[in-house]
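Shared between the two complexes below is chain A, which pairs with chain B and chain C, respectively.
Coming up: the complex of A and B.
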C-alpha cells in the first residue's frame, strides 16, 4: 500500500509537468494544425532561463519563472514569424522548420551555457511532508499547484476573453475566422507565444527536480507529445488528463517492470492510441493537418 | 543535425586530407618524417558531449606538453579530433576513416559502447586504441590493440564490496542501477562481488537510463530498510536517485563507483543528501597526491576549470601513448601495441601495468563525500 501511494505521488508530480508540456503542444496544434517539434527544446531553454536567473540573482523563484516565460514567449513569436510565410502553403516545410528550430535552440544552448549543464537547488527549503509513511516533497505540491493554476488561467483566457474566443474560432475554421475579421497570423503568433510560455513554466518547474542541460528537452518533449496524443491532440482537458495518465503509467511501469518499463509504457500507449486514435478527449473540430 | 565547431573543423580536415595526393596519404603512417598523426575520438555533440569535451581537454594537454618538449624524437604529434556523437554507428564510420587516413593510434572514446563497436575495425587495421571506457566487456574482447586507461567496473566494485562487507561488516545492501552499458556493468560486477562474499542483496531494482522518477523503485527499497544503497548509474541519474531516496526517508548510506565522486552528482543530489556517500575510484580528488595537485593546477591554468577523473585518465592515456611512441620512434602497428603494453607508468590514477586484456590499473581507492567533495577514507 505504501509503495502504491508513493508511486502515485511521483507519478502525479511528473504527470503535472507532462501535462504542461502537452498543453503547449496542443495549443499550437489546435490553432495552426501544426505539431511544434521545437517544443521540447523550448522547455529546455525555459529551464535554463529560469535556473540561470535564479542562481545569478537569488531573487524569488517566481520572478525567475516570469523571466523565463517572457524569454521563451519571445522565442515562440520568432519561430512563428519565420514560419508565417509558409502558413497554409507548405505544411511539411513548416514541420521541418520546427524541427530545425529545435536543433538551433539546442546548439544555441550549448554555445551560451556549455554542454555540461547545472543542477538547480530546490527553491523550497522545507523537508517532505510525512503522511502515515508516505513522503510528499513540498516542492511536488508546489509543482502540482502551479500547474493547476496555469491550467485554470488558460481555460479562462480561451473561454472568457475575446482574444481567446478568436483563437478558438481560428482553430475551428480559419477561413471563416478570417471572414469574420480575425487576424489569423496574430492569433497564430499568440498560440506560439502561449505554447512557449507553457513550455517555460514546465521547464522552470522541472529544473530543480532534475538537472538542466542542453539535451534535457528530448525526453520531456517526447513524453509531453505522447501525453498530448493520449489525451486527444489539440484538446486542453485531454492534455491535462493525458499528462497525468502518462506520468502515472510511467511511474507504475517503473515499479513493476523494472528495465522494461519504458517498453511497457510506450506499448500501452500504442495500444490505447490504436483503439482510440483520437485519444481520450479527441475532438473532430480540430483537424487541419 | 548539430554542427559544432569541432565537427566542422574535422570535416574541413577531412576535406583537406581528401585533396592530398594518394601516395602521400597512404605513406604518412610509416614515413619517418613529418608529424605523427593521432586521432582523438570523443562525443563533441549530443547527450554525452560534456564527457567527450573533458576527455579531449585531458588528451590535448598531454600532447601539447609533449610537443612543447620536442615531440617524438623531433617529430611533432598531430592531434586530430573526431566527433563520435556518443553513437556506436558514427564510431564505426570514424574508425574506418582513421584506418584509411594513416593515423597511427587512437585515443578515446569515453563511451564503452562506442569503443566496443570500433574495436574490431581498429584491430584489423592494427591501430592501437587507448580508451576511457571502463566496461568489463572491453577487457573481455582481449583485443591486442585495445587498452584501458582506467580500471574496469569489476575492480571498482570488488574494492567497494570488500570495504563494505569485509571491513565494515555491512550485509544489508540494496542495489539500484540502470540497464545502460555502464549501469549494467556496475550491476553485474557488484552483484558478483557480493555473491563471492555470500551476501544476497536486500533489493535489486533496475531502472532505465532515461528514468527520472524513482519513487516506485525507492519505495520498494525503503521497505527493506537497507544499511547501504548501491547506485550504479551515470552522474546525473545517481544524483537524482540519491535526492529522491532521501526525500523518501531512506537512511542507507549511498555507495558507488566514480560517478558518485563527481560534483555533478553532489549538486544534483544536493550537498546535504550526498554527504557520506562512499566512492570507489582510482582518482578521489584533485588534492589526493602532490602529483595530482600539480596536474590540477596545470589543468586549471590551461582551461580555467577544475580537473576531474575523466580529464586525468585521458591525460594518463595520452602520456602512455607518447611514451610508447618514443620507444617505437613514431612507428605504429603491432610494434606500438607491444610498446604500450610494456609501459610502466606512475600515472595520476595509479601505477599502470598492462595485462593481456589491456587493463592497466588494477586497484581503486575508497573515499567519502564531505561537503560535496571526496576525501580519502582514513584507513581504519
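Coming up: the complex of A and C.
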C-alpha cells in the first residue's frame, strides 16, 4: 500500500509536467492544426535556459522560470513564422518541418551548452514531508501547485478574455474567424508563443528532477505528445488527464519493470491508442465523402 | 534507349568505383549503400504509401541484432542467421504496422516513434543483446572462399543486393501496387471506393519497410561486425528522415541520391558534427518550405515556373464515343434498400428509407439540401454502416460491407466534391479504376515480376481505349488539378466506368457544368445505361433529372416522400411543399400573435 502511494506521488508529479507539455502541444494543434514535433526540444531549451540562469545569477528560481519562458516564446514565434506557409495545408510536411526544427534546437543546445549536460540543485531546501509513512518531496508539491496554477490561468485566458476567445474561434474555423475580423496570423503566433512558454515552464520544473542534457527533449517530447494523444488531441482537459495518466503509467512501469520501463510504457501506450485512437476526450474528425 | 544507356553507364561506374578509392573511402561507400537501401525502404512506406513510419531505424536494428545474436549466441552460420533476420524484420514491420490500421499521420508517427524507443530500450538492457556495450566479433560472412572482411569485396556484395532492392522498389512504384499505394496516400476514401484494400495495403507498406530495414541491417552486421544501441537511435532516424526528405520522398531515385549525398556530407563534416546536425535540421526545414518534393522535385518546379511565364492553351475535351448497346435484360433488382435508418448522434439523416432499383434503370434521387441524399450514397457504397435496415445487391445482403468490398462487387461511385487523386496523372487515375486485381495478387512481385510488367502493359492499352472513348486524349498526362472543372467531372466519371461497374452512383455529376457539358453528360449517362449499367443519380438540376431519369425518388428530412416517374413526382404536393416550403406550416404574423396571447393567458 505504501509503495503504491509512493509510486502514485511520483507519477502525479511527473504527470503534472507531462500535462504542461501536452497542453503546449494541444494549444498549438487546435489553433493552427500544426503538430509540433519540435515541442520536446523547446522543453529542453526551457530547462537549459532556466537552470543556466538560476545557477549563474543565484536569483530566485521563479525569476529564472520567467526568463526561460521569454526565451522559448521567442523561439516559438520564429518557428511559427517559418512554417506559416504550410499552415492548414500539408500535414506531413509540417510534421517533418517541425522535426527539422527540433534537430536544429538540439544541435544548438549541444553547441551552446555542450553534449554532457548538468545537474540542477533543487530550489526548495526543506526535506520531504512525512504523511502517514509516505514521504512527499516538497518540490513535488511545488511542481503540482505551479502546474495547477498555470492550467487555471490558461483556462481563464481562453474563456474570459477577448484574445482567448478569438483564439478559440480560430481553432474552430479559421476562415470564419478571419471573416469576423480576427487576425489569424497574430492569433496563431500567440498560440505558438503560449505553447512554447508552457514548454519552458515544464522544462524548468523538471530540471531539478532529471539531469538536464540536450537529448532530454526527445523523450520528454514523445511522452508529452503521447499524453496529449491519450487524453484526446487538441482538448485541454484531455491534455491534463492524459498527462496525469501517462505519468502514472510511467511511474508504475518504472516500479515494476525497472530498466524495461520505457519498453513497457510505449507498448502499453500503443495498445491503448489502438483500442481508442481518439483518446479519452476524443478529437472527433469525421471524414466526409 | 537512353534509359538503358544510363543504366549501363551507372552500373559500370559503380563497378569501377572501388579502383579509385582508398581503404577508408571504400568503407564510407559501403555505409552509404546501406543507408541508400534504408532510404529506399522509408521512401516506399512514407513517400509512396504515405505511412508516417518513424521506426525504420528500429527495423534496421532488428535485422542487425538478429544476425548478431543468432551468430554469436546460437552459433548459426551467417547466411542462415541472415535469412532468419530478414523474416524477423518483416514480422517486426507487420507488428509495427498494426497501429496503422487504426490511425494515420501524426498519430502513427508518434506510435512508431514510441515503438522505436521501446526497441532501443530493450537492446540497451537485455543481456542477450549485450546491453549498452553491444555485441562484437560477429563472424565474417563466408562466400565461396572470397574474403568478405575486405571492404572492397564486400562492396560488390552490397552493390548486387542494392541493385536488386532498387529494381524491386522501382517495379513496385511503377506498377499497379505502387499506384494503389500512392492513391491511398492521397485519399484513402476514394482509393477504397475504387476497390483498393486499404488495410492490406497499409500492412504491405510496413512489410516493405521491414524488408528493406532488415536487408540493410544484415549488410550492416556483415560489414561492421559489431552492433550497439547507439547505431539505431532516434538521431539516426532523423538522419534517415533528412535523407529521404532532401532527396524527395516520393521518388525512389531521389531517396537514393539523398542518402548517398548526406552520407558523404556526414563523413566530410565528421570533425564538426555539432554544426553538421544544425545544418541537416536547417536544410530539412528549408526543403519542406521551399521545395516540398526535394531534389527530385526541383526540375519539375523549375519547369512549372518557366511554363507559367510562357502561358498555355486551354485544354479541350474530345467527343464521347458511345458504348455498344447491350441486350437489355429486364426485371431483376440490382439494388434493394430495406428500411435503412442512419443516425449521427441526435440527427436522423435517414429515416426508414426503402427503395428498389431494377436493372438498366436510370434512377434520380432529388431532395432539398440536407435531406440525406449523399448519406444514402455513403450507405450504399459502404462508407457508413446504417443503424437499422439492410442493403441488398442483386439479392445478396451487403449491409456494412467495407467500400473496397463493394467496389469488388462492381459498385462504382463519383463524389459530390470530386475526389480525383491530385498527384497522379489523369491516365493513372483511370488505371486505378481499371486494375481489378486483389491485393494478394502481389505475390507475383517477388516470384514472377515479368508477369507484373505484362499485366501493366495490358492495363495501359485498356486505359488508352478508355481515354479515347471519353475524349480525354488531350489531357491524359496532365495532373487533374491543373484542368478545368468540367473536365475533372468527366475524368471522375471515366474513372468510375473504368471499374466496369454493374451499379453506378453519380453524386451531383452536373454541378458546376455549363449547358453544353450538361447535354454531353446526359448523352454519356444514357449510353452507359444502354451498355447494361444501372445508374443512380443525385442531382439538383431538375431539367436534367426530368429528361434523363426513368424514375425519381424524392427525399426530404431523411424520408422518402415520393417515388415514381418524373412527371408524376414533379406535381406531387409533398414534393412541392418540400421544395418551396409549406406556407401553412410556416409561422405567420397571425399565428405568432395567437401564440403570444396563449402564452400570456
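In the analysis below, the second predicted complex is superposed on the first by the 275 of 289 C-alpha atoms of A that agree within 3 Å, B and C clash if a C-alpha of one lies under 4 Å from a C-alpha of the other, contacts with A are read in each partner's own complex, and residues count from 1 in each chain.
We take it that contacts are C-beta pairs under 8 Å (C-beta built on N, C-alpha and C of every residue); 3 or more make two chains touch, one makes a residue touch a chain.
In this text the structure is predicted, and so the values were computed from the model without any measurement.
Student: When the two structures are superposed on chain A, do chain B and chain C clash or fit side by side?
Tutor: They clash: once the shared chain is superposed, the two partners overlap in space.
Student: In the superposed arrangement, which partner chain does A:85 touch: chain B (first), chain C (second), both, or neither?
Tutor: second
Student: Tell me the contact category for A:237 with respect to chain B and chain C: first, second, both or neither.
Tutor: A:237 sits against neither chain B nor chain C.
Student: Figure out whether A:262 sits in contact with chain B (first) or chain C (second), or with both, or with neither.
Tutor: After superposition on chain A, A:262 lies in contact with both partners, chain B and chain C.
Student: Applying the touch criterion given at the start, work out whether A:226 contacts chain B, chain C, both or neither, answering first, second, both or neither.
Tutor: A:226: touches chain C, not chain B.
Student: Could you tell me if A:210 is touching chain B, chain C, both of them or neither one (first, second, both, neither)?
Tutor: In the superposition, A:210 touches chain B alone.
Student: Counting only touches as set out at the top, which of chain B and chain C does A:185 meet: first, second, both, neither?
Tutor: In the superposition, A:185 touches no partner, neither chain B nor chain C.
Student: Between chain B (first) and chain C (second), which, if any, makes contact with A:110: first, second, both or neither?
Tutor: After superposing on A, A:110 lies in contact with both chain B and chain C.
Student: Who does A:118 touch here: chain B (first), chain C (second), both, or neither?
Tutor: Only chain B; A:118 stays clear of chain C.
Student: Classify the contacts of A:10 with the two partner chains as first (chain B alone), second (chain C alone), both, or neither.
Tutor: first
Student: Which of these chain C stretches, 23-31, 185-193, 203-211 or 293-301, gets into chain B when the structures are overlaid?
Tutor: Once both complexes are placed on chain A, chain C clashes with chain B in 23-31.
Student: From the superposed pair, tell me which chain A residues show up as contacts to chain B and also as contacts to chain C.
Tutor: The answer is residues 103, 106-107, 110, 115, 218-219, 259, 261-262 of chain A.
Student: What residues of chain A sit close enough to touch chain C in their complex?
Tutor: Within the complex, chain A contacts chain C at residues 35, 37, 82-83, 85-86, 90-97, 99-108, 110-111, 115, 218-219, 222, 225-226, 229, 233, 259-263, 265-267, 269-270, 273-274, 277, 287, 289.
Student: So in the complex, the part of chain B that touches chain A is made up of which residues?
Tutor: Those in contact with chain A are residues 1-4, 45-47, 49-50, 53, 178-179, 205-208, 210-220, 222-223, 236, 239-240, 244, 247-249, 264, 267-268, 270.
Student: Using the touch definition up top, name the residues of chain A that touch chain B in the complex.
Tutor: Answer in residue numbers: 2-3, 6-7, 9-11, 13-14, 103, 106-107, 110, 114-119, 121-122, 128, 130, 135, 137, 209-211, 213, 215, 218-219, 247, 250-252, 254-256, 258-259, 261-262.
Student: For the complex, give me every residue of chain C touching chain A.
Tutor: Within the complex, chain C touches chain A at residues 46, 50, 52, 98-99, 102-103, 105-107, 109-111, 113-115, 117-118, 121-122, 125, 189, 193, 234, 238, 241-242, 245, 274-275, 277-278, 280-285, 288-289, 292, 374, 377-378, 381, 383, 415-416, 419.
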